[in-house]
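Right, one structure below, let's go through it.
Just so it is clear, A, B, C and D label the chains in written order, and each chain counts residues from 1 on its own.
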Amino acid sequence: MELSNKKNVEHQNSQFLEAWVEQFRPYAKEGNCANYIPALELKNPNELAISIIGSDGIEMKAGDTTNTFTLQSVSKVVAFISACMDRGMSYVLERVDVEPTGDTYNSIVRLESHEPGKPFNPMINAGAITVSSMISGNSSQEKLDTIIKLLEKMVGKKLIVNEEVYKSEWETANRNRAIAYFLMDSGYLDCEVEEALEVYLKQCAIEVDVSDLAMIGLVIGNDGYHPILKKQLFSKEVAKLTKALMVTCGMYNFSGKFAAFIGLPAKSGVSGAILAAVPSHASVHSPFPTGCGIGIYGPAIDEIGNSVAGVPLLKHIATEWNMNIF
Amino acid sequence: MELSNKKNVEHQNSQFLEAWVEQFRPYAKEGNCANYIPALELKNPNELAISIIGSDGIEMKAGDTTNTFTLQSVSKVVAFISACMDRGMSYVLERVDVEPTGDTYNSIVRLESHEPGKPFNPMINAGAITVSSMISGNSSQEKLDTIIKLLEKMVGKKLIVNEEVYKSEWETANRNRAIAYFLMDSGYLDCEVEEALEVYLKQCAIEVDVSDLAMIGLVIGNDGYHPILKKQLFSKEVAKLTKALMVTCGMYNFSGKFAAFIGLPAKSGVSGAILAAVPSHASVHSPFPTGCGIGIYGPAIDEIGNSVAGVPLLKHIATEWNMNIF
Amino acid sequence: MELSNKKNVEHQNSQFLEAWVEQFRPYAKEGNCANYIPALELKNPNELAISIIGSDGIEMKAGDTTNTFTLQSVSKVVAFISACMDRGMSYVLERVDVEPTGDTYNSIVRLESHEPGKPFNPMINAGAITVSSMISGNSSQEKLDTIIKLLEKMVGKKLIVNEEVYKSEWETANRNRAIAYFLMDSGYLDCEVEEALEVYLKQCAIEVDVSDLAMIGLVIGNDGYHPILKKQLFSKEVAKLTKALMVTCGMYNFSGKFAAFIGLPAKSGVSGAILAAVPSHASVHSPFPTGCGIGIYGPAIDEIGNSVAGVPLLKHIATEWNMNIF
Amino acid sequence: MELSNKKNVEHQNSQFLEAWVEQFRPYAKEGNCANYIPALELKNPNELAISIIGSDGIEMKAGDTTNTFTLQSVSKVVAFISACMDRGMSYVLERVDVEPTGDTYNSIVRLESHEPGKPFNPMINAGAITVSSMISGNSSQEKLDTIIKLLEKMVGKKLIVNEEVYKSEWETANRNRAIAYFLMDSGYLDCEVEEALEVYLKQCAIEVDVSDLAMIGLVIGNDGYHPILKKQLFSKEVAKLTKALMVTCGMYNFSGKFAAFIGLPAKSGVSGAILAAVPSHASVHSPFPTGCGIGIYGPAIDEIGNSVAGVPLLKHIATEWNMNIF
């Protein structure tokens, strides 16, 4: 393809993206901003933004892309990678299983009924709190720094915790505290309850924008290799395990349907964030033939916890641009 | 690559495959033939066989490949495809969900607790019985013929039901009958209980060999396109949905770990059968760069229901030959 | 107390009873006749009747006492006594536990999760079907005859099965069939599924009136001794065990509240029947100082399955007349 | 009965009691002292003691009656009575149900699945923690004092908290803390988590002997009336509700069997304590014809949490001396 032609196509694709954002923005009406965290409830539910960054570093974005928001459950992916890097995969997997459950994200039931206390996977709260307790560091601050350092390498800029959101979550964290004490009782926490919870709730409150999400997705999609830094940040094995977890458990108890109809490794958060990691082989016939990362933000979420405008937008893009791992 | 060189490589790969079968054959000692079906219990637990068929039709096989065995739960994949072809995906998905559960294959618990009676996915018995009830046909025989016809197109030869295995399963089908009556009670059966059960148990008893399995996997891997017949047998959408289901739910409550460590759409049966569908994009750097189907038979199974020699054999091949969808 | 005075008091109490029936009759509006059995749905929801029979054989009754109705779950009590007489208590209790569950009457969940397949108690459907399978007799008819014979001794007249109700239940028995096949699968049925179901559904369809219920309650309350026949029909141990079961499990998942606020051994059925067995020591300060049986009929039931007018009527009587085992 | 004759009978009964204690003492070998609390684990498992106090104040005792021990779950009964006195029965019952569950005492499952967060009954930990949060008082100390004051009125002497046991339980209270935070999350705690837990764990650690237990049982059995003080300590309604709860839920998930085979309102604790409340009408033909309270201590417990020597001793006495509410 000639350069000018390539530019034309890129321009056209950008226009498509803009149009699609406007097409799916009205879907926000079907959902609401997460209301159990005051700082999230105040967001504008009609916002919708997307960024896609290819392995060549070229970014395509559309919508309200200057907005920032907190990672929430998207942070589970990064914390899991961090724990695997720090402790080794086998250590981590002795303490958290990798099976999907079909339960809601804050369910405590299976902790009692199956291999008592062992959390089913790192993408539900129970597993994520166990993961946070395993991160390197002798205090919650050190553990958090470990996660943030990895994140900053991925996104290429400084990141901070949104203290207001963190405080707001800390004050309403009774269910998570119940889960953490249950884990402690069964021996599945590697540090004190309050330390693990502080790490977990602070990682959830890290502030990002859609471009940051797309960068995280890009590195995971690329099997841990950062195509712009030209550096392997974590092993291919950890990356593949992470993508498998995103497919089987990443979208709460919508994961099965997401895999079935969208077919990309993804993780959502109740802030309305969605992260998708697209390996090169899953996007050969797309505008990003060597893989890409996708970041979406649409704060109105459904009862399951996924962005009501973001999911259909991602589905539309994946279908139109032939991105699918299956 | 020159032709003679290609031949050499093929020969070498064949030798690898033979060696790997012998390497993993001893794993059979860790399991047992399914003992709830007398006809299965009499099988030789030490047998192990594999066939891999590429999109060019070239087959590589090793081990006890002349053995035949029954499809058992592998049939759930084909019946699901058949129901989608007959009724349309949306009709099918109104009656069976596509969420993984983490429960055992014959669990009845979720039928009571979540959206009462709707089975969680077509890869567990509850969902599979619902699927069988939806197949085209006015009798169990007609429904079964619909499934067999599709299967015969895939494998290119006549197939029969092993009547001894079928009778043996029919007589011990109390748990499945309990599930079926529960489904009937909640309105999730499209025909009479006994008709649905007869279809389900007969489809489980269809006799195949590893080459047949590989052919089925090849067509699914190729998005429904039969590369030898050069014919689209079912739609790309159905194929992708099926592969997603295989990844999230295909290996019973080992599915999460299978996705994490093997990373291929697969489905197992208690006969010791494993079917894997490898899309071209997941095998670019393998000896089968345009995709392949894999059939494995190792009748000694673990407590979850998967072949104890077959799973590590498949894992070894997938790792050595770079086959992975993630 | 002089005879004439005694007559006066009896007359006064009878008038109270009439007044109370009218007082609680309007409660029927809060419920509905069981709608899953067509023959029950056609009943007049506003009917309410009561009979109380003392150990001296004197009966006090009020309301629509000429109505007949089917025993439904009240039959579980008699079938349990019959099985204990036929097989011995220890044989029966090896096959059915006596723990309350807090689950609904037709729940199947615990069959899977606790000591797989052993029903929790004889007052829920799973336990009752197991009990029916243990009754003496080589056919469903013989087993049923065993139960009816015991019942007829208690009530002193011939009883018949309401064939219309039975047929209606047989046709809609899918959930019970699911339970029965589950029990068969786990080895907790003493005869074939269809035989056990036929016994169970026919015993549920035995036609009685409130005086019959009161007679059954009288004998159970009297520790198995029939005060009019002056004959011990079954052992004191079986009677006490039965009353304990009625208290802990007799009113479905309202049993705890019934024990707490009414405090009498009782069993209800979805036909709107309630049977209460009042031991002499629990009614010393009542108009029936040597014990009594109470039969109530009010076909409008609540979501749990208890008569919405019958329960408060019984509560009122128990409170006013000082009947309480606690 | 002549006085001398009465004395003779009393003497003989005392001798029976001594003999029965020795007869059942060896049963202790089947159990172990609770091992999750170090201070309990150090107890001598072979100890067995009983006290029975009649409404006339006469006590009969046998075995190691000088031993003291902590109330543990027996305190749930007194705390429940105290909450009902302080808040009224209807206030209490809006926050805790009175249904038996069949689950273990520290189960958290039903908090998630049924009317989310509302504990099923006050005799399991979840319900007991809710009850403790409702006791009168503006601090944990004030709430505890309320309970102790009621207890002291019942037993007629000063009582203290065993600080060593309390500390030991506080340090291992993760599972209870998990339950308490879950309750807080669903709005079923009336004070802060740590305050409720402190009350709950301290009430569990109140030190008593078998005579104290018998006195508590006597007052409850007598419908709240203290026959020695000649004073109504709490209402008859609260007493009857409490006895009903003891029968349906008092012996953990052995309650159904205990009601079936022993037939007395009772409550056990993991310290090996058992409290039984015998109403006069349930003991007319016993050596305590106007009712009694029974206290038992046998620290070796079974897997469910009940004293392995104490339960059969109580069963033997209840049978031999005709004590039974049914």
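Keep this in mind: a residue touches a chain if its C-beta (ideal position, glycine included) is under 8 Å from a C-beta of that chain, and two chains touch if they have at least 3 such contacts.
The UniProt protein names, listed by chain, are A, B, C, D = Glutaminase.
Everything quoted here is computed from the prediction, not taken from an experiment.
Counted as hops between touching chains, the shortest connection from chain A (Glutaminase) to chain C (Glutaminase) is 2. Shared contact partners of chain A (Glutaminase) and chain B (Glutaminase) are absent; no chain touches both.
Using CA-based centroids throughout, the chain positioned farthest away from chain D (Glutaminase) is B. For the pair chain C (Glutaminase) and chain D (Glutaminase), the distance between mean C-alpha positions equals 32 Å.
Note: centroid distance chain B (Glutaminase) to chain C (Glutaminase), computed from Cα atoms, is 50 Å.
Rounded to whole angstrom units, the spacing between the C-alpha centres of chain B (Glutaminase) and chain D (Glutaminase) is 56. Looking at chain B (Glutaminase), residues 113 sit in touch with two or more other chains.
Pairs of chains in mutual contact: A-B, A-D, B-C, C-D. If you check the complex, the residues on chain B (Glutaminase) that touch chain A (Glutaminase) are 97-102, 110, 114, 120-121, 239-241, 243-245, 247-249, 253-257, 259-261, 263, 265, 279, 281-282, 284, 324-326. Against chain B (Glutaminase), in their complex, chain C (Glutaminase) makes its touches with residues 107-109, 111-113, 174-175, 177-182, 184-185, 193.
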